[in-house]
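The following blocks contain the structures, represented as structure tokens.
There are two complexes below, and they share chain A, which is joined by chain B in the first and by chain C in the second.
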Partner chain A sequence: MHIAEGFLPPAHAIGWTLAAAPFVAHGARAVVREVREHPESTLLLGAAGAFTFVLSAVKLPSVTGSSSHPTGTGAGAVLFRPPVMALLGTVVLLFQALLLAHGGLTTLGANAFSMAVVGPWVGYGAYRLTRRLGGGLLPGVFAAMALADLATYVTTALQLAWAHPDAATGFPGAAAKFLGVFALTQVPLAVGEGLLGVLLFRALLANARPDLERLGVVAPQPEEAR
Partner chain B sequence: MSRRRLVTVLLVLGVVALFAVPLALDRGRSDYSGTDSQVTAVVEQGDPDYRPWFSSVFTPSSSEVESGLFALQAALGGGVLGYVLGRLRGRRLAERARADGDRAGPAREDGAT
Partner chain C sequence: MSGLAVDDAAWASAWRRRSPADKLLLCLGLVGCALVLPAWPGSLLVGLTAVTLALGPARVPARTFGRAVRWPLAFVAVGALTAVVRVDGDGVGWAPDAAAQAGSLVGHALAGGAAVLLLATTTPVSDLLPALRALRVPAAVVEVAAVTYRLLFVLLASLSTIREAQTARMGHSTWRRSYRSSGALAAAVLTRSWDRARRLQEGLAGRGMETGLRVLPEALPSSRAFLAASVAGLAALVSLSLVVAGTALA
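Let's turn to the complex of A and B:
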């Protein structure tokens, strides 16, 4: 769940917009370059964008008695590296801000920073770390999806705490309150998102192995093993 | 059932259980309100002097309309995702059929001679 329209003071709104803008611009260039140099990537780029589109539309119940939605940004970060998701995630946020009154235009910068920048990068880091430690593709995807999701909401909670420190306890008190709402609710959702990511990549492994090899996600296999 | 298919079924069941079990255990005690509206309430309580200074350019007129738009978003994403996976699968099956055809062709000629 994103920060609602108007709920960041103007200075924060402008600051986060300025912070997110270069990432989104760089991401837009990364998408254009990928499509121009590898037109065969267009299908998988569409899949990565569509995955985020579906997952961020579905509000799921959590054990905490509240509901929230996953982000789905980890899949694209694993396939195409995080910059691509900076654009795709922001497109999703813009759609929701304009049509659904979910999130907002004044908070678009802050929400893009958490969902389209921090989430994909943390997810990608978790993926690389898992692979470095000898984990396979699917455990790596699980870690990427789950941690991209969690990191997004932890960032949102901290952004809110910074903008609205508690009257008595200041930033730490407010952070604890916002994390209590966002991060706790998100834990089962992050696990579910990790499982959905594994399902997606199993489908891709079965049907698009050559693309995954070209993107360097799986090692090329000898012909007879396919 | 092949092992591959079994794993897929177990993964799907795992996702369903993850969200169905809390609902079943809860027995209607929680209203499952969105965390974004809960956070809005926390801001209003912890920072009572804060006034949101901008409102959404367009707000769905009822929760039904809003659900419909969320469903539209999911349908768009699901549609594109299904299209891509279907095309990838079709492409693989076509390639396999072509490879089988290449292999079957010379073999039949061998049989004829």
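Let's turn to the complex of A and C:
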């Protein structure tokens, strides 16, 4: 769910762009450092960006009858860490605006803040917390994917409520309205995305363990255990 | 056929050979007008201008343009309705100026959306990325974005091939199977993307890549007539909107 072009008044559009900018700049610095140290990462990071874009084209069957599209930023945050996702997420949002007319240019800042900053950080926090509490990789991934998606949706609803407060009850009323309307599709989607994350990582553990080891997601297995 | 209708339209558009800077000036000008001008008549004028230019001189297929606005339209409709419904102790009702407010929201969103779509359907993303360099975005970041753009079509093709194969094997026949297939699909696309990136990297390293992926920039000269017409058109649009909005207020 992205805020469409022109849906935010100018002050909000500029404000959210300024709010997202430091996170995206931080991510850009992380990417520049990574590319300087390992020139081959340009292609791997590009692949990660393309994967995030393509993941939003995977259709998930949803309880509400229609199908929904995952945001995929939770998985990205676990695999590539939130700063890199802030940048890749913003690039993906720009491409979605220009290739799918999904989102917009003046609302890019607001969408980047919810999908590329809040989502990955909340997802990554949930992942680390689950792991620290003794949960395995898969419960951690479920928490990361589901909560990244939920946090993105809650942030978007609050952004909309702030921009368009309710005539009678102001911001709280508007927040309740937007959270309620989008909950119909977004809450089942968050659970669905968590499940997709578990299935994705289970397949990766079986088929691409060396890649997960390289990214530091799982510890290398001792030789004799293989 | 790349799989993304807007991208196909951009490569086939009659404005493909125009300078990206020219098109950026015109389209971002329209986006700015859609954002700040009053909905009546600003949004209407911006929307009409963008659609006329896209379907007329830029020769974007009307079908592509129409299909592309479906997604944002759903969001705009739901969002605008939610914004103008009033909730308080007495229950649910319309806000006092619901129609005007909804009209203004939808107008701004449709006009802005049409202006972005005019840019999107006339300019391939690979033409726009060099413009990011001018905004002082680091070269490494622009390169990552360029690789993303080029790889995503390969991955979209993988995605639809794998999904077709899964469907043919009853992989999406039930809810449960569909989830399992989607997980496998995402994993397969991710490992393929890594594999492809690695093979590209090895190929480039073998050809002596040291400092980034340099490609010969295409010469797309700027047109003075186009720039002058854009500036004049935007100025006329702004003044007409302000005059009409002013008389409406008076």
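Miscellaneous remarks
By our rule, the second predicted complex is superposed on the first by the 188 of 226 C-alpha atoms of A that agree within 3 Å, B and C clash if a C-alpha of one lies under 4 Å from a C-alpha of the other, contacts with A are read in each partner's own complex, and residues count from 1 in each chain.
One rule holds for everything that comes next: contacts are C-beta pairs under 8 Å (C-beta built on N, C-alpha and C of every residue); 3 or more make two chains touch, one makes a residue touch a chain.
A quick note: this is a predicted structure, and the numbers were derived from the prediction, not measured.
In the superposition on chain A, A:32 makes contact with chain C only, not with chain B.
Residue contacts after overlaying the shared chain place A:40 against chain C, while chain B stays out of touching range.
Shared-chain residue A:101: touches chain B and chain C both.
Applying the stated contact rule after C-alpha superposition, one finds that A:87 touches chain C and leaves chain B untouched. Looking at the shared chain after the overlay, A:57 reaches both chain B and chain C. In the superposed pair of complexes, A:160 makes contact with chain B and with chain C alike. Of the two partner chains, chain B is the only one that A:191 touches; chain C does not reach it. Applying the stated touch rule to the two superposed structures, the overlap between the chain B and chain C interfaces on chain A comprises residues 1-7, 10, 43-44, 46-47, 49-51, 53-55, 57-61, 95, 97-102, 104-106, 160, 164, 166-167, 174, 177-178, 181, 192, 195-196, 198-199, 202-204, 207-208, 211.
Residues 1-7, 9-10, 43-44, 46-47, 49-63, 65-68, 95-102, 104-106, 160, 164-167, 174, 177-178, 181-182, 185-186, 188, 191-192, 195-196, 198-199, 202-204, 206-208, 211 of chain A touch chain B in their complex.
Contact residues of chain A toward chain C in the complex are 1-7, 10, 13, 28, 31-32, 35-36, 39-40, 42-51, 53-55, 57-61, 87-88, 91-92, 94-95, 97-102, 104-106, 160, 164, 166-169, 173-174, 176-178, 181, 192, 195-196, 198-200, 202-204, 207-208, 211.
Chain contact summary for the complex, chain C toward chain A: residues 4, 6-7, 28, 31, 34-36, 68-69, 71-72, 75-76, 78-79, 82-88, 95-97, 105, 108-113, 115-117, 119-120, 125, 128, 137-138, 140-141, 143-152, 154-156, 159, 175, 178-180, 182-191, 193-194, 196-198, 200-201, 204-205, 209-210, 212-213. For chain B in complex with chain A, the residues that touch the partner chain are 7-8, 11-12, 14-15, 18-19, 22-23, 26, 29-40, 42-43, 46-47, 50, 52-60, 66, 69-71, 73-74, 76-81, 83-85, 87-89, 91-92.
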